[in-house]
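What follows is a set of structures for review.
Shared between the two complexes below is chain A, which has chain B as its partner in the first and chain C in the second.
Now for the complex of A and B:
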C-alpha cells in the first residue's frame, strides 16, 4: 500500500501545487485541509504517514495543529511549509517536534526529496 | 492549473502557459481577499470609534488575507505585490501583538496601501505583470513602523520594569567591566570569558524583553565575539577588548537614556559596525576547517578523558540552503531528543551569520548512549538526521576517534555557592527603618513613663507607711475595718512587682528596638566594592588616554555603608581620581627624572572609624604647591591679597574647594588640582561628610573623606540653647571647652577665643537660625560652654547653654512647608517627646 499524505494549507492554489508535486512520487493524498482545525480532524480520521503543514492558517494555525497532532501521535511526521520570514513560528515548530520544514517559494524537486526523506524513502 | 503541468521546466516551477492559468486563479482569489482587507479595516475603524476597542479576529483575518496574497504572488513572481503585502503583514502583525495602536494615520496608510494593491491587481489583469510604483506606500508603512520603534523603546507596560532593568543592567555592566579588566590581565582564564559571555547574554535577554532594541543589538554583537572566544578557546587581543569596553559603555548610555527618558547621544551604528567588522574576521576564522577541527579534537580529548562514550556525526549540507541556522537548530533539536549533545560546530548563530558559498559541514559530538541508555544505532541516527538539505551523513563511534590531545587542561569544576538574595524596593526598607526609629522613640517614652511611675510608687510607699502608722496607733474614733479593707484593695507588693516587670519589659523592648534598627540598617548596607571596582576601569581609560602608567590600588573594599551614600559617592570620587591621574601623577619622564618608579599609583581605601567611614584617595604624584595655589587665587581674584597674606598654608590649600577656583586653575595651567573640587565638597557635604586634604610637594596628595555610616540615624551631641534642644552630628564635633568671658576677644566684630595658640571664632546660634536672642542677665560673668565644630577645614566654637549628652538620633526630615532652613537639616524626637532640631554644622561654619 502506498504511503498516505495529508495536505494542510489555506490557499487552494498551494494545495493544488503540492498535489501535483507529490502525486508523481507514488504517494497517495488521502485528504486536504484548509485550516488547522480541519487538519487535526482529518489527521484523526485518516492517520496519514505524513502531513504537510502550512503555518499561517485560519481558526487554528499550523503550530497549534502540529502540537495537537503530536499529542495524538508523538511519532507523527509533519513537514512544515513556511515563508522565509516566519522564523519565530518555525523555531516554535522545531521545538515542538516538526519532522522537517521547507521554505516557500519552493522548487518542485526539492519538495519531492524533502517528502521522501521525511518518509524515510530517500537514503543517503 | 492543469494536470500536465508537472513536467515544467527544471527548477522553475511553472511554465508560461501554467503561469497564465494560475494568474487567472490568483486574480479571482485576490479579489475576494482584497475585499476582506477593505471590509475588515472598515469594521476596525468603526469599532475603534464606537468602543475604542479592536477585535483581534478582524486584524487576524486581515493578516491572513495579506499573507495569502503574498504567498500566491511570490509563486507567480509578482514582486511588487509581494513587497507591498509583506509590509502590510508587518504592520498588521505589530497591531496584532499590540505593539502598535491603530490610529487615524495608520488607517490612512493601510487604506492607501489597499488601493495601491487594487491598482496592481488591475494592472496584472491587463498586462499579467504587476509593475507600478509602490514606493510611496511602502515608505508610508515603514514610517509608521519606524515611528513606533523610535517611541516605543520603553513605553507602556515596560514602564513597570524599566527601573529594575536599569538597576540590573548597571550592575551587570559593572560586573562586565571588572571581568573584562581581569581578562585583560590574565587571558588564560576560561571562567572569565564564560562570565563575560553570561553577563552579556543576560543584558541581551532583558534588553530584548523590554524592547530596548539598541541595547539588544549591541549586546548581541558583543555576545558573538565572546561566544567565539568561549567556544574556540582563542584569545581576544586588545582590539577586541577595546571594542568590548566601548560597546559596554554604549549599553550603559542606552540603559541610562531609556531609564531617564533622555535622548541617546552615543553613536550606536558606529559601534555595531565596529563589532560586526570584528565578527567578520571571526567568521572567516571559524569557517576555516582547521579551527573547526581544532575545537572538535580538543573536545574529544576532554570527553574521552572523562570516560565518555562519544559519537561524532558529520553532516554535509547544501551551500545554497535558506535559513541555515534554522536547519542547524532542527538537527540539533532532533538529535538532542535522543542523545546528549556535547558539542555542535559551527553554532546556530554562526550558521546564520556566515555566507557559505559551498556545501558546509556541521559536526556534532554526542553521547553514544541514548537518553534511554541504549546503544545508538548508526542507522537510527542517519534516519533521524536525514532531512531536507542534508547531502551526506558520517558517523564515527568512540574507538574510531583518535586522541591526538593529551589532556592538559583539567576542567575546573566551579562549585558555585548560591547566596540567596532577594531584591527589595529601597522605599520599603526606608519605611521599615522609619518604623524602627519610631520604635526606638516609643521605647524612650516607655522609659520616661516608667520613671514617673517609679516616682509615684515612692509616693504611695509613703502612703502605705502612713496607713501602717495609723493601724499601729490605735486611734479610737477611727474605724479600723476601713483601713483593713483599703489594705486589701491596695496591694502594694503587687504594684511593686508590676513595676519591676514593667521595668524588665521596657528594657527588653529597648534591646529589641535597637536590634531591629541595626538589622534594618544592615539591609541598607552594601560593600563599597562595587563603586571601587568601577574606578579600575576609569583609571585604565585615563592612563591610556594620558599615556601614563598608573595603577589603582584599592583597600577595604568590603567596608559597608548605606546604599544611598554609596550612590552619591560615585561622582565625587570620579572627580578626585581623575584629578589624581590627570594632575597628580606626573608623566613618565618627570617621574623617572625625580627618581620615582615609572608607574604612578593611586590608592583608594575605605575603613571604619567609629560611626563614620573614612575614604582616602591618595596618589604618589607631585603634590600641591600651596604657593602656586596662592598666586593663582590672587590673580584670579578668588581672594584679596591682604586677606591672603594672613592665611595659613592649610587655609590656602582649602581654597581649591572654592567654586570658580577650578576654572582659574585650568586656564593658567597651574600644576595643582582643583578641577571640580568644589563639586566634590558640595556633594560630600550633602551626605553630612567632610573632606580633608594633606599634601606634600614632590611626594603626593591625599584627600580624606569622612562620611557618616548612614543617613537615617546619626550619632549626635544634644545640647540646649535658649529653650530648645539641638543635636550636633558627632562627626563635626571636635571638642567641648569652657571659656571664661574674660578670655573672649573681639576681632573684626567677631567674638574670638584663643585655643591652643589658634584663634577660634565663636558663634551664637540665634544669629544663624534667626531665633530670638535669649535674655540672659548673667551672661557677662558666667563661664560659657562651647562646642568646637569643624567642616574638615575650619573650626568654629558654638556657644551653648547646657549639655545633655551623646545619643543616637533618628533623623526626620523637615516637612516641605519649611523649605530650606539655614543651619538646620532635620529634626528628631527625644525620649521625653521633645523635639530636637538637628544642626547643620557645615552651614553654620559658612556663616563666619
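Now for the complex of A and C:
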C-alpha cells in the first residue's frame, strides 16, 4: 500500500501544486486542510504517514498545529513548507519536532527529496 | 524614484524598503517563472484624503491580496492586479500557456492570495534580518473590486489613527507578459519612527 500524505495550506493553488509534485512519486494524498485546526482533525481521521504544513494559516497556524499533532503522535512526520524564512520560526519548528523546513516559493525537486527523506525512501 | 517634499522616510528606511522590494521581486519571479522586477515609483507621505482622491481618479477593477504585517513595526501590504491579468498570473504560476485560464475560479483567487503571502513574507524576512525586529504576515485576504474601494477599505483603520499616510508605491515590470500589477507598502507612522531610529545598517 502506498504511503499517505495530508497537505495543509490555506491556498488551494499551493495544494494543487503540491499534489502535482507528490503524486508522481507514488504517494497517496489522503486529505487536504485549509487551516491548522482542519489539519489536526484530518490528521486524527486519516493518520497519514506525512503532513506538509504551511505556517501562516487562519484559525490556527501551522506551528500550533504541528505541536498538537505531535502531542497526538510523537512520531508524526511533519514537513513545514512556508514563505517565512526567519531563523526564529525555523528553530521553533525544528525544536518542536518538524521533520524538515522548506521555504516558498519551492522547487519541485527540493520538495520531492524532502518528502522521500522524511518517509525514509530517499537513497543518497 | 521620486520623493515628495513632505518626505518622512529617512535613508535607513528607504534602504530597507528597497532591499525588501528587491527580495519581493526575486520571490515573485521565482513563483511566476518570469523575469520580474518591482520598480518603486514613489515613496511619499500625504494626507489620507489626497491619497484616496488620487486613487479614485485611476480606479479600475482588480483582484487584490491584502496582508497585515504584524510585529514590532506594523505595516500594511497591498498587491493589486487588473482582473484579466490575474488570469495570466495563474497560468504562469501553474506553468500553463497564457490564455489557459479564462474564468475566475478558486485557483485564480488563490494565485493572487499566495503572491500576497509570499511577497509579504519576503518583505518581513528582510526587515527581520536587517533590523532585528519581529515582523510576520497575517493570513492574506483576497478582494475583487475597484482599486479605489479596496484601497479605502484597507486603509480605514490607518485613517482612524492618523491623518497622514506613508506610501511606497510601485509597479511590476514583467518582460513580455503584458501584466500590470502594483504593490503598496503602508507603514504606520509609529513604525516609521521606530525604523528611523535604527542605525548601523
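Rule of thumb we're sticking to: the second predicted complex is superposed on the first by the 122 of 124 C-alpha atoms of A that agree within 3 Å, B and C clash if a C-alpha of one lies under 4 Å from a C-alpha of the other, contacts with A are read in each partner's own complex, and residues count from 1 in each chain.
As a working rule, contacts are C-beta pairs under 8 Å (C-beta built on N, C-alpha and C of every residue); 3 or more make two chains touch, one makes a residue touch a chain.
These numbers were taken from a predicted model, which means no experiment stands behind them.
Three-chain overlay on chain A, with chain B and chain C in a clash. Contacts of A:90 after superposition: chain B is touched, whereas chain C is not reached. Legend: residue contacts after superposition of the two complexes on their common chain; A:108 is shown touching chain B, with no touch to chain C.
Residue contacts after overlaying the shared chain place A:10 against chain B and chain C alike.
In the superposition on chain A, A:24 contacts chain B only, with no contact to chain C. In the superposition on chain A, contact of A:100 is made with chain B only, not with chain C.
Taking chain A as the reference, the larger set of touched residues comes from B, when chain B and chain C are compared. Contacts of A:118 after superposition: chain B is touched, whereas chain C is not reached. Shared contact residues on chain A (touching chain B in one structure, chain C in the other): 10-14, 16-17, 56-58, 83-85, 104-105.
In the complex of the two chains, the chain C residues touching chain A come out as 27, 30-31, 90, 93-94, 106-107, 110-111, 113-114, 117-118, 120-122, 124-125, 128-129, 134, 136-139.
Within the complex, the chain B residues that touch chain A are 1, 3, 5-6, 8, 11, 13, 22, 25-26, 29, 60-61, 63-64, 67-68, 70-72, 74-75, 86, 322-323, 326, 329-330, 333, 337, 382-383, 386-388, 390-393. The part of chain A that touches chain C in the complex is made up of residues 10-14, 16-17, 56-58, 82-86, 88-89, 104-105. Those residues of chain A lying in contact with chain B across their complex are 10-14, 16-17, 20-21, 23-24, 56-58, 83-85, 87, 90-91, 94-95, 97-110, 113-114, 117-118, 120, 122-124.
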